[in-house]
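Here it is: the structure, laid out below.
Labels A, B, C, D, E, F, G and H are assigned to the chains in the order they are written; within every chain, residues are numbered from 1.
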Amino acid sequence: MNVRDVLEAYRQGEIDMQRAEQLLRMDFLERVGDHTLFDHARESRRGIPEVIWGENKSPEVVADIVKRVLEDRQAVLVSRVSPAHVDVLKRAIGADLVTYVEGPHLIVVDKNPGRPKAGCIGVLTAGSSDIAVAEEAKAMAQVMGCEVVTEYDVGVAAIHRFLDPLSRMLDKGVDALVVVAGMEGALPTVVSGLVDVPVIGVPTSVGYGYGGKGEAALMGMLQTCSPGLVVVNIDNGIAAGATAALISIRRRR
Amino acid sequence: MNVRDVLEAYRQGEIDMQRAEQLLRMDFLERVGDHTLFDHARESRRGIPEVIWGENKSPEVVADIVKRVLEDRQAVLVSRVSPAHVDVLKRAIGADLVTYVEGPHLIVVDKNPGRPKAGCIGVLTAGSSDIAVAEEAKAMAQVMGCEVVTEYDVGVAAIHRFLDPLSRMLDKGVDALVVVAGMEGALPTVVSGLVDVPVIGVPTSVGYGYGGKGEAALMGMLQTCSPGLVVVNIDNGIAAGATAALISIRRRR
Amino acid sequence: MNVRDVLEAYRQGEIDMQRAEQLLRMDFLERVGDHTLFDHARESRRGIPEVIWGENKSPEVVADIVKRVLEDRQAVLVSRVSPAHVDVLKRAIGADLVTYVEGPHLIVVDKNPGRPKAGCIGVLTAGSSDIAVAEEAKAMAQVMGCEVVTEYDVGVAAIHRFLDPLSRMLDKGVDALVVVAGMEGALPTVVSGLVDVPVIGVPTSVGYGYGGKGEAALMGMLQTCSPGLVVVNIDNGIAAGATAALISIRRRR
Amino acid sequence: MNVRDVLEAYRQGEIDMQRAEQLLRMDFLERVGDHTLFDHARESRRGIPEVIWGENKSPEVVADIVKRVLEDRQAVLVSRVSPAHVDVLKRAIGADLVTYVEGPHLIVVDKNPGRPKAGCIGVLTAGSSDIAVAEEAKAMAQVMGCEVVTEYDVGVAAIHRFLDPLSRMLDKGVDALVVVAGMEGALPTVVSGLVDVPVIGVPTSVGYGYGGKGEAALMGMLQTCSPGLVVVNIDNGIAAGATAALISIRRRR
Amino acid sequence: MNVRDVLEAYRQGEIDMQRAEQLLRMDFLERVGDHTLFDHARESRRGIPEVIWGENKSPEVVADIVKRVLEDRQAVLVSRVSPAHVDVLKRAIGADLVTYVEGPHLIVVDKNPGRPKAGCIGVLTAGSSDIAVAEEAKAMAQVMGCEVVTEYDVGVAAIHRFLDPLSRMLDKGVDALVVVAGMEGALPTVVSGLVDVPVIGVPTSVGYGYGGKGEAALMGMLQTCSPGLVVVNIDNGIAAGATAALISIRRRR
Amino acid sequence: MNVRDVLEAYRQGEIDMQRAEQLLRMDFLERVGDHTLFDHARESRRGIPEVIWGENKSPEVVADIVKRVLEDRQAVLVSRVSPAHVDVLKRAIGADLVTYVEGPHLIVVDKNPGRPKAGCIGVLTAGSSDIAVAEEAKAMAQVMGCEVVTEYDVGVAAIHRFLDPLSRMLDKGVDALVVVAGMEGALPTVVSGLVDVPVIGVPTSVGYGYGGKGEAALMGMLQTCSPGLVVVNIDNGIAAGATAALISIRRRR
Amino acid sequence: MNVRDVLEAYRQGEIDMQRAEQLLRMDFLERVGDHTLFDHARESRRGIPEVIWGENKSPEVVADIVKRVLEDRQAVLVSRVSPAHVDVLKRAIGADLVTYVEGPHLIVVDKNPGRPKAGCIGVLTAGSSDIAVAEEAKAMAQVMGCEVVTEYDVGVAAIHRFLDPLSRMLDKGVDALVVVAGMEGALPTVVSGLVDVPVIGVPTSVGYGYGGKGEAALMGMLQTCSPGLVVVNIDNGIAAGATAALISIRRRR
Amino acid sequence: MNVRDVLEAYRQGEIDMQRAEQLLRMDFLERVGDHTLFDHARESRRGIPEVIWGENKSPEVVADIVKRVLEDRQAVLVSRVSPAHVDVLKRAIGADLVTYVEGPHLIVVDKNPGRPKAGCIGVLTAGSSDIAVAEEAKAMAQVMGCEVVTEYDVGVAAIHRFLDPLSRMLDKGVDALVVVAGMEGALPTVVSGLVDVPVIGVPTSVGYGYGGKGEAALMGMLQTCSPGLVVVNIDNGIAAGATAALISIRRRR
């Protein structure tokens, strides 16, 4: 018995108000999972595109999922893909819709690339090995409508190396910084002590031996004494980019 | 030889420009550590008050530090204190300046409590044991000039328990959410899937056995599949509050 | 605008069916968090009493919570209490409602202790240090209406020591076994290889050195090669008792 | 000297009762390991088929073991196999006896696939990467005679996505739920808070960075505050399926 | 100046006793590292053959080391080799000296395989995957002159399965038992509770998920409550075999 | 129906041989758990006295257990006791039966302290903080009838410091060495390279920082390249002493 | 406005001293990141050549970086390279500039190999598997101008094996020792107890099972009771060589 | 038979040279452990005073050990003491010999405090909580004859705060730096990038949550990309001070 039936039965006097109310609550429990109704609201509200984990999925399966997602949405990302995924997807939905970001092996599909800029964030990396993760953050934020200013390989072993690029970035008015670093991961801590915008630290799985694979970097960022620094999981550039974009977009609204 | 001396010597023609430039750079290296000059810029820029770790410091030592900090700043927090710290501090700087937040054993000293509201954030906890950490976040954000809306003990074992309080909070226009949870720490993940503002997860050291002391909660929040969620270290409510306030204040500026 | 108002407005023809349906869905979102409505359904459905973590809560706070819970429910457990909690609670709700289980420092409050038996489970421990945890499991299952057969300290260092008590237990027709063990935690594995009912292993924080505090026991139970064994967290007798009771009660229904 | 010899010697008066008793106990110690006698009892009692770990065993070795097991038993599973294992086994025992479950690379051999249904369980997964593990649970439960209702990829990032499938499953009368989830592993906790049947959580090795490879999922499930949830080791779908089937079969008996 | 020179100079009266003593001590410090002198004593005393780690060494390098070692010693083992190592070594020192043990990929070179038996030990494994490690123990003990009685795949999931083989082994008079087990590693604990000879537990890297790769097995064996059980590192069959042989050989001397 | 009844019935011709055999097997299953019958055999066979964990047991409870154990056995140890345990026990069973070993807070009760020496082992410690654990090993081995030669605090930071005491110990003919060491735990490795008797390493919980609480010591001993070394858990002197005694006693038999 | 402009404006009286000072400080903040100015000072001061991580960089990219670095510097190291890197680099900058160190897969480029010796250090390894890491230390120290004395494979299982090589090394006047060891990593501890120069321990990722991959070695070295020993990360021969060279070079200056 | 006896017997012709040589080697093995002979050489060579761990030793025991050590040595340290230790020791050896360092609860006993300065090192801390550990390093280096320059609480959250103190320290000509830091432990890394003397990082057990108790600090220091940095264990100021002093003393010799 669905909502309309309940409403009708109530108007006809077949059921009283108490019974009607009870039936309506039951109906909700059955329907609340309905994707069409609910997810669309959420999607437009959050503005974060769906992310598909490409690894371990065949190019054909990925192409199918992308096509289905694009029916309702403007954009979708596919992470950790091979060249075969790119080829198959281009054939499936048209080459001009598919952008391949080489560093992080990421596919960006965006039906509306010309959308007006809605925000501005900065992305820095400590070393050159951290760039692929930074590019994930950048791609995600761009699809969400943000301008992204990047400064890569600014290091921290010698303090002064990042002061200049950091200054340039702040001059451009970024609302949040994504700072990507592996090994001992000190860059986000130092940056956070110098700026007045929130900093999202992204530890990367660069490094070896004790504390390698991102563990030392993650620990150091969480342990840091500088308020204003928050963290995402190792190598999770996409989450960092999404959060930085949320911050900036809301501010510009 | 300080800047003024160099400038004077140069104007007098005692040294040439090259030498003057060289001397000025040297001067910088000696002076750059000068707290008065530099920290003030940073303090006013970031708006985050100094936090003093009270544990293992005697009440007298804490009172001395607080007095020194207040010479330059508007506010200071002292975390993990005992009642003796509160008493001694009240005698040292006047009782009306000292606010004691009981849950987290936190002292707030604010010379300017009437400052106009500069932002608005929300703070939720999963359980009642998480409230002390949430109160740290609240106190920090308030000192930074934010209005703080709280909903405590909204749980996640039964899904529906937090939908209503969450709705109320979003209606008030919060710019960021601090979500505090121990044990399995699932609340920030679930909240993050429902809202369009950034969520800062704070794992707490509640829980026992495997994954106790906040480890499961931290892991779960970092591992979560929901972009838009960032994390601080276990029990670090202060850092979460500071970052949420940074986000909101910048937006309102 | 609540459900009744919508229904009335619809019957009066003030709104059409489409608008009524839309309003009703909104109403749900606002109300779904309503504890009274929802939790009662869940409580009666699951039959698992509320458990209050007594540690770090004052006797007065615990007494207040218990009183509030008892308004809607038949039973409540308070874990990790001190004698002071027991005294205050007895004064608050009457001594005859309050049962104190000494080993696990657990309070059981049951308004309906004479309920007909709804199931039967068995609880074994490897050593005498594991008994407190076993008593938690027993108390929880009893409140849920189960008969509980116990055999404590049956060990595993010498194989034969548990065959006899195990036989006795199976003869009584238990539907599930809770097997509690610390140190190397081998007992649940061995038991599970001998019986045809599901076994719930509870590692305890007994043991020291490498693998102490329950880690070896938990690992061993998870690593075991015997299908039919499932596990709860270290020292979590309450969860084990609740699950075993769920299994038995459903069977007898 | 075996039992019969002892009995004969005693009847003949060659040994007295005390000596006979002593000899009989010794005999037992030598014979108790006799597989034929003992294992058959156990097998029929527990109804859990033998599981062979196929990885690192050659197809020929696997085929030999399967043949030997089938002499006494109705069914056997071979986990983690390659296509070569399937081919060789089909040739060895006949293709119609061999069912290959592709996701988990599992071979099911069942001499009696038409057995009447003895129970009914439900299997859910959070994501599509968790399906292979879920299929292991399903295959095991089916061989044990259970009907298995599945709902895959119901997620938890958005709460409402699993309410509907969960409802459908409960309507079919399942006696236990197997809930499979990787990453932060929150689904079993949330499900367990909504249903009145026991829930067996299966963490999967999906996820990366801190808490990856199933660690966060396992921790979260063990740490959960919801009684009624029990856990098996990471990726151990077979054990979860076996336990769920034990629960349901016993209930229906 | 060597010992002989010092002695001569002293006899000639060229140096006094104090100086002679001083010189002799210096000489020792220079010579104590002399392999030929010292190692031979140790070798004959301990009777444990040299073990060469073959992995990551080319067949030629291994052949060279083996030849050099055989100049002074009766036997040598090369662990973790490939077929190429076997071929090259056979050509280098003669095929009849080289025995290849397939399971553990181990080469045994023994110039004196017909030595009289000097001891007797037993080796058991829980599963068939543990046999390669057991074969390492067996090979080491045999080269040291021990008879080795083996019983493989005796399991522990069902208690009774190992009682019979264990009895047979004790009847043969073994002086020590090596018990090899992966996964939860309970077999050594149970065996140790039944016998009066020392038991050396060898955890193997069999198993997956939490506690996999031998961690649960090692922990369980160390945590065990049964005195009489000692442990070696994961997969270290060679050390277990050597220690068991030391125990038995000394007893028979 | 017990063994004697079956035997009688068979002799009377009331049952035939097949039935008798079946009944006798059933009888075993019921009786095999009988402590009196079985444990005594085991006790006399293994010669290892019962060890009671005194911590967390009241003096009265300990005294009761000791009295019960002494009915059947010659000796019993109670570990981790307080002075109150000693006093109460002396009053309960007579002061002359109770020996208190101060270092490890251990009570030894031995009804037959004058038993002839059955073996000889050596116990060394690296530092003075390791002595309490060594004394546990010594007490256990003595109760089992071994002579125990000790050399404490022989260190390894300077190599030569332990050569002399080691020599003295070997001269006395020890059959096994227990070597106790905390911090980096290198002593057992070095000793094992110099002697031809088995060495049992006991890591102690001495040490701090990374690898503290015995973890570095345990790892180092397990990782050591010297065959002939086996290990027990951190601080488990009792297990080491029991195993060393087993080795020596068997040799002397 | 740069320094010269400020100076000129001040001399011209266009700005006063206060303004000049303010402008000069601002200028610094913009320039302090200038690599040319700053890094050169640091390079000549520290004398540590740049190290490029070759792994995951194409030969062409590596050749480009090396060429750029050589514009300003005397030497550069490229670690973890393949033969292809060597070939491409030789073609790019001339074969005679490129030295390939085979063990650690390391390229050394040194424009000034004939520089006068500026120091002397010693490098020892415990086993032959540790030599590649030792060769990294050696190459780094040599490029920094140190003579390097090596003694490889001196072991510690038998104490005496390293006394002789150690003596030889000290006779040559080394100012610091790099001691490389895997497995239990005891060699640096023992060496440190015998010498009066600082010892830098390098744990290597040799070893397996519990404490394998260098963990036991690192822990043991950190836990050691011998002052005078310091440590670098697992397999980090380059850092050890650089620090040892810094120590020796400063001494000789 | 000692060296002198052998020499005499040889001169008397009672034994021949071969026998004499053999006897002399044996003598060495017995004597090499002789503390008086050997340790003195080592002590004077290394110049590192004995360190006694005071915790868990009674004041009387500590006083006894100190007295014995002072018979042969100039200085001794007693770490982790209580006021009672100081009092008893002052009474035992005279108050003027005993210096108590309050921060680290350390006693320094130095018979020769006026020794000429033999070196100069610097000690920095990141925070005020790290000072006690730094004072341990300072005390050790001073007893070894070094001048110690300290700069405490120089932080790293704001980069510029340590440049000035660092400059002052280098101007004084320190040969090595001890840099003490807890939490994320970034200071040693940053310092090491700026100076041309070796840096010894000391992680402290300051910090909480994930990576607390010094783990993040230790990891970060080991993981750092800056060659020239070496590390000691968490809180081990004494070892850092000893190594820094060794470096400086050797340089000045």
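Criterion: a residue touches a chain if its C-beta (ideal position, glycine included) is under 8 Å from a C-beta of that chain, and two chains touch if they have at least 3 such contacts.
Only a predicted model underlies this, so the values are computations on that prediction, with no experimental measurement involved.
**Q** Quick check on the contact graph: shortest path length from subunit C to subunit G, in steps?
**A** 2
**Q** In this assembly, which chains make contact with subunit B and also with subunit F?
**A** C, D, G, H
**Q** Applying the document's contact definition, name the chain pair with more C-beta pairs in contact, A-C or C-E.
**A** Most contacts of the two pairs: C-E.
**Q** Copies subunit B, subunit H: same or different interface, half of numbers shared as the threshold?
**A** different
**Q** Which chain has its C-alpha centroid farthest away from the centroid of subunit C?
**A** Looking at centroid distances, G is the chain farthest away.
**Q** Could you state the distance in Å from the CA-based centre of subunit B to that of subunit E?
**A** Averaging C-alpha atoms per chain gives centres 59 Å apart.
**Q** Return the distance between the CA-based centres of subunit D and subunit F, expressed in whole Å.
**A** The computed centroid separation for subunit D versus subunit F comes out at 39 Å.
**Q** Going by the contact rule already set, what residues in subunit E reach two or more other chains?
**A** 32, 42, 158, 193-194, 209-211, 215, 218, 222-223, 233-234, 236
**Q** For this entry, which pairs of chains touch?
**A** The set of touching chain pairs is A-B, A-C, A-D, A-G, A-H, B-C, B-D, B-G, B-H, C-D, C-E, C-F, D-E, D-F, E-F, E-G, E-H, F-G, F-H, G-H.
**Q** If we count contacts the way the header does, which residues on subunit D are in touch with subunit B in the complex?
**A** 127, 156-159, 163, 183-186, 189-190, 192-194, 207, 209-212, 215-226
**Q** Report the residues of subunit B in contact with subunit A in the complex, numbered from low to high.
**A** The contact residues of subunit B facing subunit A are 42, 45-48, 51, 140, 175-176, 193-198, 200, 218, 222-223, 227-233, 236, 238-243, 246-247, 250-251.
**Q** Tell me, which parts of subunit F touch subunit D in their complex?
**A** Answer in residue numbers: 3-4, 7-8, 10-11, 17, 20-21, 24-25, 28, 32.
**Q** Would you mind writing out the residues of subunit B in touch with subunit H in their complex?
**A** Those residues of subunit B that touch subunit H are 29-35, 38-39, 42, 53, 56, 203, 205, 214-215, 218, 233-236.
**Q** Once bound in the complex, which stretches of subunit D touch subunit A?
**A** On the subunit D side, the touching residues are 129, 158, 160-165, 167, 208-211.
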